[in-house]
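Each of the next two complexes has subunit A plus one more chain, namely subunit B in the first and subunit C in the second.
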Partner chain A sequence: MDIEQVKERAGPREFSPKDDLPEEYRKAATRMIQFHANSEIMGAYLEKPFIRQAPSLDRKLAFSAKVQDEIGHGQLLYRAAESLGVKTRDEMLDELAEGKGKFLNCFHYPMDSWVETPMIAFFVDGAAMRRQATLKQSSWEPYAHAMDKVCFEEGFHVKHGEAILYELMTGSKKEQELTQEAFEEWWPRIIQFFGPTDDKSTHHDFSADVGLKTMTNDELRNAFLNAYVPKAEKYGLEIPDEPRIRDNGDSTYEVVEDDLDWDEFFTIAKNDYDPGKGQIDGRKQAQDAVEWVRETLDSHEQRFAGGTQPQAAD
Partner chain B sequence: MIWEVFRQEQAGEYHTHCGNVHAPDREMALMFAEIQHGRRKPTNSLWVVPQKEIGEVDTEEANFGGTTDKSYRWAQSYSFEAAAEEVADSESEQVQAERQRGDD
Partner chain C sequence: MASAEQLPGPNDLSDEEREAVETLLFRLADDEFVLAERYTEWQVRAPTLESDLALANIAQDELGHARLWYDLLQDFGPDEPELIWERDPGEWYHSTLTELPFEEGDWADPILRSYLYDAAEEIRLEALEDSSYARIRNRVGKVQGEEDYHLEHAQNWLERLAEEEQSRERVQTALDRLWPHAQTIFAPTDEEVEERIDDLGLRTKSLAEMREEWRETVVPYLEDLGLSVDAGGETDLPEVTGRNLSHTDDWDDLWEDFTATYRELGREEATRIMKDPDEVE
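And then the complex of A and B:
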């Protein structure tokens, strides 16, 4: 298939590993899915310390289950990416450890306090879920298939995040104030989750033409704001004055881009933001520490499989 | 001697327990099983197993499914109105899965 045929055929779950796809498609899909997989992993590492800091046993169990789910999502997505034949899962994990693998802006920021957890577990997960629901229509079938399971599990994460937010916003005055402060700090980052407005996005056109993604940054941001601003207000959070967001009155919004720190955003996008570097190194140390497990499993597999390569993703 | 009988309806499916027969040996057990359990219901294959060879553990000795209440894992345990359509979709899939658990 050449790229024109791909564009012609592009539709939900249209392409699978049995199709002969041009390199341009396979590379674009790999970049997109690898980014997504990396984000699942880095998000899990960001939240992991809060399993210990959870204020009750219920929260600890639920938080631990959620973090475990996110690692699983990462693994599913690396498989979906691997099946494009561009990079192996090991290569992608190594790239992440070496600081070459890119991931979501929100997961480059440090998270220090329990009051920050709903910013990820409710708002960022909610934003991610909005996007993931549309990716069930992606043209790379293994990617869309992975989204079925991811979205199945994600409803629990978002509602659990909402339960934490509710608990904090109905707690002591101090808790409410700290939660509001955390919200003000995280809100611009959450808005930037959806990237620059459509006229500044670099990768959208090609990905949309070949059906890898089906909605634009602006459409996703609008849908997110329509659903989550009323929720934030319901729990008594005040939406910060900046970035200015104009409600057009027809379920669309305009974000004043100059109110957002795009220098920081693009520094993060290059993995050059200091706290983000710390997160990357932290995960690298974990990867190095369990090297012996991978080696043991690899040699075990080779002994029993007569040295053949592991099966490709199902 | 009692032999427990397991019937498979179609190739590739599981053999499921369907009753037992009295027989002195395996050959006759298979013959009786064929007559008593393979005649009226759709059958692709039958197994016979000496009853004393079957091991059992029941609710008196075991906590099936563990002792931890895992309701925290389900979206429907959190009584908030779903923030968005996709959250509601995920929740209804989970409700469905919870209902069907153990049916497969």
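And then the complex of A and C:
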């Protein structure tokens, strides 16, 4: 298939490993899915300390299960990416460790306090779920298929985040104030989750033409704002004055882009933002520390792979 | 075939009976809770995504079991904050094996720890199958159903790690460190209370009997893997056993960490989101 045929055929779940796809498609799909998989891993990395920090047994269980789900999503997504034949999972995990693998802006920021947890588990996951729901229509079938399971589980995560938010916002005055502060800090990042407005996005056109993506960043941002501004207000959060968000009155919004720090955003996009670098390096250190186990597993597999070694008869 | 007389429900126990039941439950609940707390440290740090998922599962099972046992302690009045979040670190009964920290990357430790613990857990749960206290007896099966998999998981890993010299040496190092602490699984709290637990038929095997059975299982198994076990007598109990309410300094640090949010937010309640175990039964 050449790229024109791909564009012609592009539709939900249209392409699978059976198809002979041009490199351009396979590379674009790999980039997108690898980004998504990396984000699952780095999101899990960020949230993992809160398994320990959780202030009740049930919350602890739920947090452990959530982090486990994210790792499971990473596993599924790397598999969907591997099936494009461009990179192996180990290569992608190594790229992530070396700071070459890209991932969501929000997971580059440090998270220190329990009151911040709903910023990820409710708002960021809620935003991610909107995007992921549209990806069930992606043209790469293994990716779309992975989204069925991911979206199902993300539904629980958002409920978990929402319950924590509700608990904090109906808790002590101190809890409410700390949560509002955390919200003010995270809100611009959450808005930037959807990236700059379309004219600055470089990869969209091709991804849309070949059916990898079905909605633009603007459409996704609007959908998020329509749903989540009322939710934030319902729980008693005040939407910060900046970034200014103009309601066009027709379910669309305009975000005043100058109110957002795009230098920081693009520094993050290059993996050059300091806290994010620390998180990438922290995960690398953990990955390196268990390299010896993977070596043992490899030796084990070789030994049982069919007598390629002389001592296999032992 | 319980030979001892059946004990009544939680509200009708004598003070002495109640103390025995509570002590037994604290041994079980605190072990599971603290071990799970340590296991979760491996989330997002395990050698592969698959092993990450597996150990996370085990941690969640243990938390679930802790929940079942703490729930039985709640029969006597204390709520979750009193049992966990506000309980002084010097009032916890778990074995020191469960509280030790891990060295970064030392995957041999959680695997071996899990083996030593789960082999003991199997024996200890068997001794509760015919407990004279129905509330305990009725929950044993649910816990046992999940523990089989834990032991299998640990053994599969141990056997692979023991194949290669370099990884076997790591297991040996972990064994040398963990072995004395593993003995504390069957160490007594208060001798007199432990005797009462046996006399009341709360468990059908004494600590000494279970310890012997456990050693007869784990020592040959580990030796077959090419590991050497320095199996002395009672003397290999460390000074701090956990059971006697004395703990390593690492426990205090761990306790500080996991209670930090509760304290910093000034919480007085612990949120329940899952059904009460009695509703599920």
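By our rule, the second predicted complex is superposed on the first by the 306 of 314 C-alpha atoms of A that agree within 3 Å, B and C clash if a C-alpha of one lies under 4 Å from a C-alpha of the other, contacts with A are read in each partner's own complex, and residues count from 1 in each chain.
The rule is simple: a contact is a pair of C-beta atoms (placed from the backbone, for glycine too) under 8 Å apart; a residue touches a chain by one contact, two chains touch by 3 or more.
From a predicted model like this one, the values you see are computed outputs, not experimental measurements.
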Touching partner for A:238 - first (subunit B), second (subunit C), both, neither: neither
Partner chain in contact with A:162 - subunit B first, subunit C second, else both or neither: first
Which superposed partner A:171 touches (first subunit B, second subunit C, both, neither): second
Partner chain in contact with A:2 - subunit B first, subunit C second, else both or neither: neither
First (subunit B), second (subunit C), both or neither touched by A:62: both
Which superposed partner A:19 touches (first subunit B, second subunit C, both, neither): neither
Partner chain(s) touched by A:133 [first = subunit B, second = subunit C, both, neither]: first
If touched residues of subunit A are counted for subunit B and for subunit C, the larger one: C
Interface residues of subunit A shared between complexes with subunit B and subunit C: 58, 61-62, 65, 163
Residue ranges of subunit A in contact with subunit C within the complex: 41, 44-45, 48, 51-62, 64-65, 67-68, 71-72, 74-75, 78, 114-115, 163, 167, 171-172, 174-175, 283, 285-286, 288-290, 292-297, 299-300, 303
Partner subunit A, residues of subunit B touching it in the complex: 68, 70, 72-75, 78, 80, 82-91, 93-94, 97
Residues of subunit A touching subunit B in the complex: 58, 61-62, 65, 122, 126, 129-130, 132-133, 151-156, 158-160, 162-163, 166, 223-224, 227-228, 231
Complex contacts: residues of subunit C adjacent to subunit A: 33, 37, 40-41, 43-53, 56-57, 59-60, 63-64, 66-67, 70, 80, 84-85, 104-105, 107, 160-161, 163-164, 166-167, 170, 257-258, 260-262, 264-267, 270-274
